[in-house]
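Can you keep this structure in mind? I'll have questions shortly.
By letter and in written order, the chains are A, B and C; residue numbering begins at 1 in each of them.
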Amino acid sequence: MVEAGDFGTSPDDVQFRFRDDEPVDHGTVTVDSALEQTNANAVRIEPGDDARLLLPFLDRLALVEINFPAFTDGRGYSAARILREAGYAGELRAVGDVLIDQLSHMRRCGFDSFAPDKRLDEEDAKRAFATWEKVYQHAADTALTGRATIAQRRHGEGA
Amino acid sequence: MYAYDQYDQQMVDARVAEFRDQARRRLEGKLTEDQFKPLRLMNGLYLQLHAYMLRVAIPYGTLNSRQMTMLGDIADRYDRGYGHFTTRQNIQYNWIKLEDAADILADLATVEMHATQTSGNCIRNISSDHFAGAAHDEVVDPRPYAELLRQWSSFHPEFSYLPRKFKICVIASEKDRAAMRLHDIGIRIIERDGELGAQFFVGGGMGRTPMIAPMVRDFVALDQLVTYAEACLRVYNRYGRRDNKYKARIKILVHELGAEEYTRQVEEEFAHLLEQGVEPPFAELERIRTFFTDPPFEDDAKSVERSDPDFAVWVDRNTHRHKHDAYVSAVISLKPVGGIPGDATGEQMRLMARLAKQYSFDEIRVMHTQNVVLPHVRIADLPALWAELHEAGLGAPNMDTIEDIIACPGLDYCSLANARSIPLAQRISERFDKSGKTGKLGELKLKISGCINACGHHHAGHIGILGVDKKGKENYQLSLGGSEAEDVSLAKITGPGFDEDGVIEAVEKVTDLYLAQRTEGERFIDTYRRLGMEPFKEALYG
Amino acid sequence: MRILTGNDLKTGAVVWWTGEFWSLHVDEAVDVGERAEEIMAAEEAARRVNVPYAIEATREDDGHVRPAHIKDRVRALGPTVRPDLTLKPQDPEALDWVI
């Protein structure tokens, strides 16, 4: 029986999702709890948590929420990339103070699901996700999709 | 110098469109000021003391005549006819309207310029040696590496919400002409056993708690430069303090962890990131380097007629040795006696642009000391160049003298300031010019900050002045013994502060003491280091 | 007295609450007393001012309004080092008033 937590967002809170599979239907546990319980499959990372603590259990995680209590606190971007770099393939959800102008950077860092505290304008969000036609630097998106960076394009590498 | 390709151009054009949309949403009320503020800061737009202030990026201080002309046109068209060159090699305009900002950015984009990331908690303009590509003592031109890092740091998705601002500097000589050790990351390109590599210094800075960056790595291979920088930034983004704005810079993290532990964490992250393919293809660095090859230097006269004493003084003080013996780098002073340090009118900017085209292979540099450089001037052309500069009020022969004051905008322009800094600079330069002491004093780096944020770099001044608020009145603390060069040191406060008249007297007293006590060849900073603070304290406070 | 100041949203110009509108001239500022927060909230929400705040000031004998803090006096006048760019370029006493 999967350990369900009291924390976190539910599928109803998710406003944007870029996955085909079914979202997890229960809440998340904290990182501390996840380390203790061997069957939790949904975890919530707070800004002060070390995402690498989850590395031994990535295979059993279907959902990792990363909380942005204030949009100015950028620790979640590093946490997201670290998880993707470690091969985490489950849902990576940005929650909290998620505003239009952070969406594209979050997507680039590997988030594929978004549950902002305040629902966002759909049109503005669509435009925001399409911000980066080309990108300078390597990030989770270039790794996951094989999308070429500008430097790679200049030298005939990558798609 | 670097020229945009279609990718770079698309990027700035898209950012202009994005900002135009953001500004529109703000003006329509769809964004509150709290939501808009970090967005406008990412495009260098501050709400300042008198109006919006726009800080335009001049990457590693390099620009051409077309760009300088545009900067002059912007000053005339959108501002009040002038701009201010800053201590980070950028330019800022003080009287900008929000409703014009997107148009200004669009104009800048037509000449491959922008105002991206000149503010906010992100990686800022990457600075470099203003004599890069010209200096006789550099190992290599540092600017290709600065350009590589500029592109890497632009709109970096992981590092756009750092604990605080982040400043990187790249040099390539033993001599430090860019205050490299006082940056969040300072990089020195060196040669070792025939191979080029990068020394990394992390955790320097000024502000409230000035610190000199310790060396974190003595040799990073050039094809791992970006990966190493990314490792340094990631450790900072994860562990930099976010609980206290005044303890949020990386220097505090390095200090609190200790350089050894910080280094250990960086090395661990670096080893991990090496497997992630973060580094751009090496061909990209090679491509960027092709933009920084030498202009077609010609053999010519190695000396010039110096019978005019004013010209001779200017040549001695304002020209710097070039790697080619028929050339020098020439400094255009933006410190006329009694003038506002670093300010230039639109007309002066257009003049400098023309002079660059005519005398310097169309290249200009901005110094962090708020002057401008023509990097490649034929020695044979110096008389003609000087005549034009002299006539235009840009020929003050005072580089690195007490008249070459670095002063932040201070309370006249900046809402962070406690005291005015510009009037102090004006009065000091006038005083020493009038008394004829400027020449006698020789190299003397005087720096004035209007508040503890230290944008005037007073911690690194041979003489430093800090403006404070003393019971609602402007007051000034004097400090001595700082240096931003390779002999880097932080200045020490002399004692109780002074009012405006008092601090000018104080500067007179300490310089008089120097003149009385110096031995042959000693600069002010040397005499201070030999004598220590005591005799100066005695002279000031009796 | 307690007066309100801020910046114009579109132009960034420094402005002062006159009781009816936001003026460029500090001498037209009025005492808002206890109503500071209420007025600021309404005016900011309507985008008639950006980032307003309340400050202490005194009304002088000659009718001028003098902000208590030098920073706001610089805002009221303009940069002391460029009299030509201030609101009172011809006034020789303007600089003394700021300091």
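Couple of notes before you dig in:
Simple rule for what comes next: a residue touches a chain if its C-beta (ideal position, glycine included) is under 8 Å from a C-beta of that chain, and two chains touch if they have at least 3 such contacts.
Since the model is a prediction, treat every value here as computed from it, not as a measurement.
If you draw each protein chain as a dot and join the dots that touch, you get a simple line with two loose ends.
This structure's chain pair with the greatest number of C-beta contacts is A-B. Put simply, the C-alpha centre of subunit B and that of subunit C have 33 angstrom between them. If each chain is reduced to the centroid of its CA atoms, subunit A and subunit B end up 38 Å from each other.
Chain geometry summary: the mean Cα position of subunit A and that of subunit C are 47 Å apart.
On the subunit B side of its complex with subunit C, the touching residues are 26-27, 29, 33, 47-52, 80, 94-99, 340, 411-413, 415, 417, 420, 422-423, 426, 472-474. On the subunit B side of its complex with subunit A, the touching residues are 5, 7-8, 10-11, 14, 18, 21-22, 30, 35, 38-39, 121, 151-152, 154-162, 226, 234, 237-238, 242, 272, 276-278, 280-281, 283-284, 287. Those residues of subunit C whose C-beta lies close enough to touch subunit B in the complex are 7, 9-14, 44, 47, 50-51, 68-71, 74-75, 78-82, 85, 99. Within the complex, the subunit A residues that touch subunit B are 47, 71-75, 77-79, 81, 85, 99, 101-102, 104-106, 108-109, 121, 127, 131-139, 143, 149-155, 157.
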